[in-house]
Structures are given as C-alpha cells and as structure tokens.
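This report concerns only the one structure given below.
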Amino acid sequence: MKTLLRRHGLALLCAALAICLPLCMEDSDYAMRIATMALIFAAASQCWNLSGGLANQISLGHAAFFGIGAYTSTLLYIHLEVSPWLGLVAGGMLAAVAAAMLSVILSRLKGHYYALATLAFAEVLRVVANSWSSVTGGPIGLTIPFKGDAPLAFQFSSPAGYYWISLGLLALCSLVFHRLASGASGYRLRAIRENEVAAEVSGIDTFRLKLRLNVLSGALMAMCGTVYAQFIYFFDPDSIFSLSGISVKVAMMSIIGGLGTLPGPILGAFFLVPLEELSTSFFSDTAGLAQCVFGIVLIAAILIQPRGLMAVWGLRHRFMKGART
Amino acid sequence: MNGLQALLDGIMLGGIYGVIATGLSLVFGVLGVVNFAQAEFLMLGMYIAWFLWAWLGIDPLLAAVPTALIVFGVGFVIQRTLIERVLAAPPAAQIFLTVGLMMVLENGALLAFGSSFRSVNVPYQSEGFQLGSIFVGAPYLYAFLAAVLVSAALWLTLSKSWLGRAIRATAQDGMAAILMGVNIKQIYGLAFGLGVGLTALGGAVILPYITVSPTAGGQFVVLMFTVVVLGGLGNVAGALLGGLVVGVVQSLSAMVFPVQLQNLVLFLIFIAVLAFRPQGLLRES
Amino acid sequence: MTEPLLSVHELDVRFGGLAALSGVGFHMRAGEILGIVGPNGAGKTTLFNALVGVQRPTAGSILFQGRGISGLKPHVIARLGMTKTFQNSALFPEMSVLENVCTAALLHHRLAAAKKKAYGILERLELFDIAGEDVANLTFPQKALTELARAMATDPKILLLDEVMAALSHEEMDGVIAVIRRLREDDGIGFIVIEHHMRAILSLCDRLLVLSFGQVIAEGDPGEVVRHPDVIKAYLGDSAGAGHA
C-alpha cells in the first residue's frame, strides 16, 4: 500500500480530484463546462501525444480525425437516426482507416515534411466539408437536434453527464498511452525516437509500430471529436477542421505540458483551456486576444523550457524513470 | 471562358505566387526551417501597404518597396531574437516556434486592426487590355510585371552581389561559409529578412485586386507550401516555376471544377508530391 | 563443399548517375571472418547498407542461407540473422547500456527474457559493471563494445562491423579483437569487418576483400592480398609502410 501510494500517488490524487470535482461544483454549470472542455482537450491532446510524443511524428493535422469523428456521428444521427454512441464507434473506425492510409502514404516523411503533409490533409477535409453541402451541410455547419435528457441519444440535461464521459475518454486515451509507452513497446518507441535507422537494423519494424500508433491515435481522436460535437451541439467545417483551433491546440497542450509524457497533455489542457476561457470572458470585446496569448505562451514555452511544465516541476525525470522500469 | 484566357490568368496569378513562395523557399534553403508564419508576413505587407495608401496616398505598387524594407527589418529582428535560438533544436521546436509566431501575428492583427476587410482605390482598378478574345485586368498585369521585376532583381542579387554569394554559400555549407569569413549569424538574419520581405512585397502588389483582413495570410498558407514543395523546398528558382504551375493548375481546374474545389486539386497534388517526390519535381532523386 | 552462408552476385548500387557499387560479388562461409578494405569512398559502407537492407540495391542478388534477401527491410534481415554496427556510434543516446542491448534482444524475446539475455551478453563482454550507465558517458572502447553487444542481442549468424575499432588505442584494439574471436569460437558467428587499421585486419581476418571505386579488385589470404601489385597501387601505395592506411 505504501509503495503503491508512493509510485502512483500523483495519479491517485488526480483521480480523487477528478471524482470529487463534480460534487463541489454541482452548482456551477459554468465551471463544470470548463472542466469538461479541459477533459475533452486533454484526451485529444493525449491522442496527439501518442504519435507526436512517442514516435516523433509532428502532426499539424489532427483536426482531420477530430472532424471525421464529429461529422460521422452527427450525420449518422441526423440522417439515419443512428445513436451517437454507435456513431462514436463508426467515426473511430473510419478515422482508423484514414489514419492507416495516411500513415502508409507518408511513411517516408519526417520533421517539417510530415507536419506539412498532415496540415494539408486536414485542409483537404475542410474544403470537402465546406463544398459537399448536400451531405455535410456546407459552411453553415451542423446542429445536433436537441432531445433533452436522452442518455441513449448521447444527450444529458446536466453537465455532469458529459463530464463523466469525457473523464472516461481521457482515462481510455491515457491508458492506451501508458500501455504503449511502457514495457517492450516503450523500449522500441524510444529507440525509434532516438535513432530510427539503428532501431530498424536492430530488428524493430518501425513502419508497423508507427502505423499502429497512428491508427490508435486517429481512432481515439475521432472519438474525442464525437464527444466534443455532442457536448457543444453545433460545429462547422472551419471550426472543427481548424488549424489553430484544433490541430495546433492539441499539439501545443502536449508540448507545454511535457511532450511524450503521460501527464503532459493533461497539465497542458488544464492550463490552456481555463486560460482561454478567462481571457475570452474578461475581454469579450477583444477578439483574437486568447489566440494571441496562446501564441506567446507557445513561443515562450519553446524558448524557456522545451520540455514543458513537467520539467519545470522536476517531475518529468521521475515519470520517464517510471516508464523505464 | 476559353482555355487561352485561363492560361493567361493562371500565369498572371502564378507570377505572384512565385514571388510570395520564393521568400519561403529562401528561408528554408538558408536556415533549414520551414516558416509556418510566412503567410502572415504577406498579410503584414498588405496592411503596411494599405496604411501607406490610406495615410500618404501612395499607390500600393510603389508602396511595395518601403513595405518590403519595413518587413525586412521586422524579419531580421525576429530571426535574431527568436528563430536563431531554435536553429539547433529538434524539428518539433522549430515547427511550433513558427506556428506560435503565426498565431501571434494573425491575432495581433485582429486585435490591432479589427476583423473588417480593407481595400484600396486606384485609378486603374477597373481598367484592362483587350487582345482579340483575351482580356487582362490592369491590376493583375501590373502586379505580374512587378513580380517579374522583383524576380529579376532577386536573381541579380543572389548571383552577383557579395550578399547573394554569402547567402548561397551559407545555404550550401554553413561550416565552410564560416571558414571563408562569412558572419553566418548575420547571414541567417539577412536571409530571413529578405525572405519575409519578398513575401510582404508580393502582398503589397496584389492589394489593388485583393482585400486585406487578419485572415488574408491564412488563405495562402497551403497554396504557398504547394508552390514551394513543387519546386523543391529551398530551391529558389524552383519556387518561381512552381508558382507558375500552381497558378495555371488553379486557373485551369476552375474551368472544370466548382470554385470551392479548385484548392482541393492543389492540396491533393501537394500531398502526392510530398509523399512521392519530397525533393520536388525538379531535382533528381 | 558446403553451401556458402552468404553469397553476393553482381551487386550494383547507384545514386542518381553515380555508381557506388558495381558488379560486386563474393561468398562467405559460416563462422568466417572476412575483412573489407579500400580507400575512402570505395563503397564499403554502402555495401554494408545494401547487405542489411538500409540501402536498396539497384541490381544484383544477395543470397543469405540460400534465400534472396535483396530489397527486404532491415528488421526482416535482422530477424533472419544479419545485422550491422554503425561507423559513427549509433547507440540510442538517452538510453542506458542495458536498455540499448535489451531493445535489440526484444527481437526474439519477451521483455523479462530480453533483459536477462542482455545482462548475459553484457557479462560476456565485460560491460556488466556499466549496465546502468547512460551511453553518453561511455569511453570509446565501451561504446564500441556496447555497439557489438547490441548487435549480438539480435542473435546474428553474420555480424557486420563498420570500423568498430576506429579511435581505439592498440591495447584497446587487441581487447576488441579477442572479444570478436571468442564470439566466433563460442557462437559460430561470422563477421565481416571494415577496418582501416592494417594490424587489426591482418590479425583478425581469415580472408580479405579489397574494394576500389565500387569494385572488388582483389580477394584472398590477407597476407597475400596486401602484397598484390594492384592493391598496393590502388590503396596502400603511399602508406603501406606506415601500417595504418
């Protein structure tokens, strides 16, 4: 028990906090909404961290999978009345296929080239969603028909419903991350990050490992997109496939929190989402301020401490050691 | 619309794309950094040229020169204070530094200038030249001629001047350039300034036929990268040619596809080139 | 006569218009130690890269255990039993010695068994005491031995060593040579060795292959090959007397 507490103390503390939070904030819908949004983005950022942090594949197009999830579940619901719970699975599968294809096509690209290609992929989907109006609703976007309290239709009257689902999603993404970052696969991924050719010559199938990461990352990201769409009820192509609004934001949370670490995206999301909320609510008449502040935070983070908040608090080393043994 | 007209329109646009993208290619060629914020300097150039027109009544085609100089200075300072510090860092740091810069510039413009669209009034705005069945709008033609002029000047600078030789030497082999007595840090700053200055100049000359708003740069991001990737990242001459190709493809595909889809064709070309010929179409593998 | 373990026929590697290797052919038996020498740019490392699948050959065939492996990926060839070390140390820099070796041992084992195997190899190569050390802190001979240990962990039948003894003193070199000999005696591993030190080559190799401008210009007993007039002209001419070409 003692060692359990020492090794997983922080994780247990976070879990306890996450469970108690709704009890304390039950009266404040506003605070619950911010907490839920932070959870969704933490989960999405954890997906980015899977491919970006573990395999060094710097994607600037994760909004593509996010949007695939949101559109799949919402369109299935609007046109065929398929429950978004099934839509969640369908979106995940569709995104997995898309991620697999992209991973194969881009398997030779690294660094800047990979970032550029993924950016263009999300842009392609944005253009398609904008112009294929008969199916996607075009630039006007989609509104999810309001049903009130209908858990089967993925709708809840109180924010707590979304909170718990988002928490579950974050737990799932973090679990997948933990499984891949530790044990044999953790060794292999570190080897790929540090020297890909040497890893390959040492018998590691780098192509397959990256493919697996990208597929999991894309599928989970699509699930985040579905939950996000159900939570906010409305989205359009420019916001759901957004470069700065989604792709950069999820990457940035991992980087600011601590690239390639499990707590990194969570720290990053719980730092940035409230920051965004605060700056938009305090200065509601100055559009662009939040994004501008984000940009400054990102630049500052890279120049001052590229290893993120985890390193600032001296925690990163502990977690990396934890992943080793 | 006939094919010849579309071809000509494409070339007019393509010349501009070439100049805009040359700046991006120059930055990558010398510093090895893909500047994701490059399109924001286009937007910056458009705003500067707009204010020069609104306050001093200078025609954007003339304002392009002071605009380029101002942005050159801004770029030099940004390189020396920010970009310089990640040149040895892993790609992730380089990518997100320029992405951060992109966010600051775009939203800074939104804070400073508001979201309204601004345009200029110049006497030749609605004029044009008729040649048989082909028509060329005066603003397009003048912008294209300016692009040709600038490309020639750039070529002269790079091939004949000491600065040009130092820049090319640095791009080819930084260590050797240092040994030859080139102050490489200075060159990095100058090359970045020159790169973003060129892009800003492109922004100024198109102002007579395009409106400026804080998101003006965003529309050019993928387009610019497509141009550069077609010609080979870092290949300055390739970027000019890539610009013409993209302009023509865009204008010809507009004859076949609805307007919203013309960029789709470009994006798909872009991904295909990156995936199968990342060194560009011009270079040998 | 038994079937050779590795046979290479008419191997070509071209980069654009440049022929890095042309018409290279040789055979190798199990447990043999084959040396490859040649001036800089002769194509030695390119040959290694082609053998382990890092570089796809333009033409020609590579038969390993009777099976064509040309064009296979490096991890597949490693699984079949051939891998290489890198000219300039390519250890995983942020991992410990043990972790470097253990990662490669995962090719044929689960994590617990891989760790055990890695410890075993480190013990044999006398690296056990520095198992927990980050590779960034190692001395040159320790780095060389760790490279060797990592490659050993994939259970190779043929191990290609690309200048593992560069930057080593004579005594350190003798130590590495002794290790390579012992691995050959105990495990029957065959080695192909690229090395510039003539002393190391002559004391280690059973047979020598001389490459020049991408072609094999001589092959045979090391002592005889180095006296071959073509070889002296192409490669040893100006520095044969120095003992270090």
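Each chain gets a letter, A, B and C, in the order it is written, and its residues are counted from 1.
Operating definition for what follows: a contact is a pair of C-beta atoms (placed from the backbone, for glycine too) under 8 Å apart; a residue touches a chain by one contact, two chains touch by 3 or more.
The shown structure was predicted, so the numbers you read here are calculated from the model rather than taken from an experiment.
The greatest centre-to-centre distance from chain A, using averaged C-alpha positions, is reached by C. Ranked by how close its mean Cα position lies to the mean of all protein Cα atoms, the top chain is A. Inter-chain centre distance (chain A to chain B, centres taken as mean C-alpha positions): 32 Å. As a whole-number value, the distance joining the C-alpha centres of chain A and chain C reads 44 Å. Averaged C-alpha coordinates put the centre of chain B at 49 Å from the centre of chain C. Within chain C, contacts with two or more other chains are made by no residue at all. The touching residues of chain A, when paired with chain C in their complex, are 183-184, 187-188, 190-191, 194-195, 197-207, 324. On chain C, the positions that touch chain A within their shared complex are 52, 54, 73-75, 78-79, 83-84, 86, 90-95, 99, 102-104, 106-107, 110-111, 114, 150-151, 153-154. Chain A contributes residues 52, 56, 58, 60, 105-106, 108-113, 115-117, 119-121, 123-124, 127-128, 130-131, 243-244, 248, 251-252, 255, 259, 286-289, 291-292, 294-299, 302-303, 306 to its touches with chain B in the complex.
Chain B meets chain A in the complex at residues 28, 33-34, 36, 82, 85-86, 89, 91-97, 99-111, 115, 214, 218, 221-222, 225-226, 229, 233, 258, 260-261, 263-264, 267-268, 270-271, 274-275, 278.
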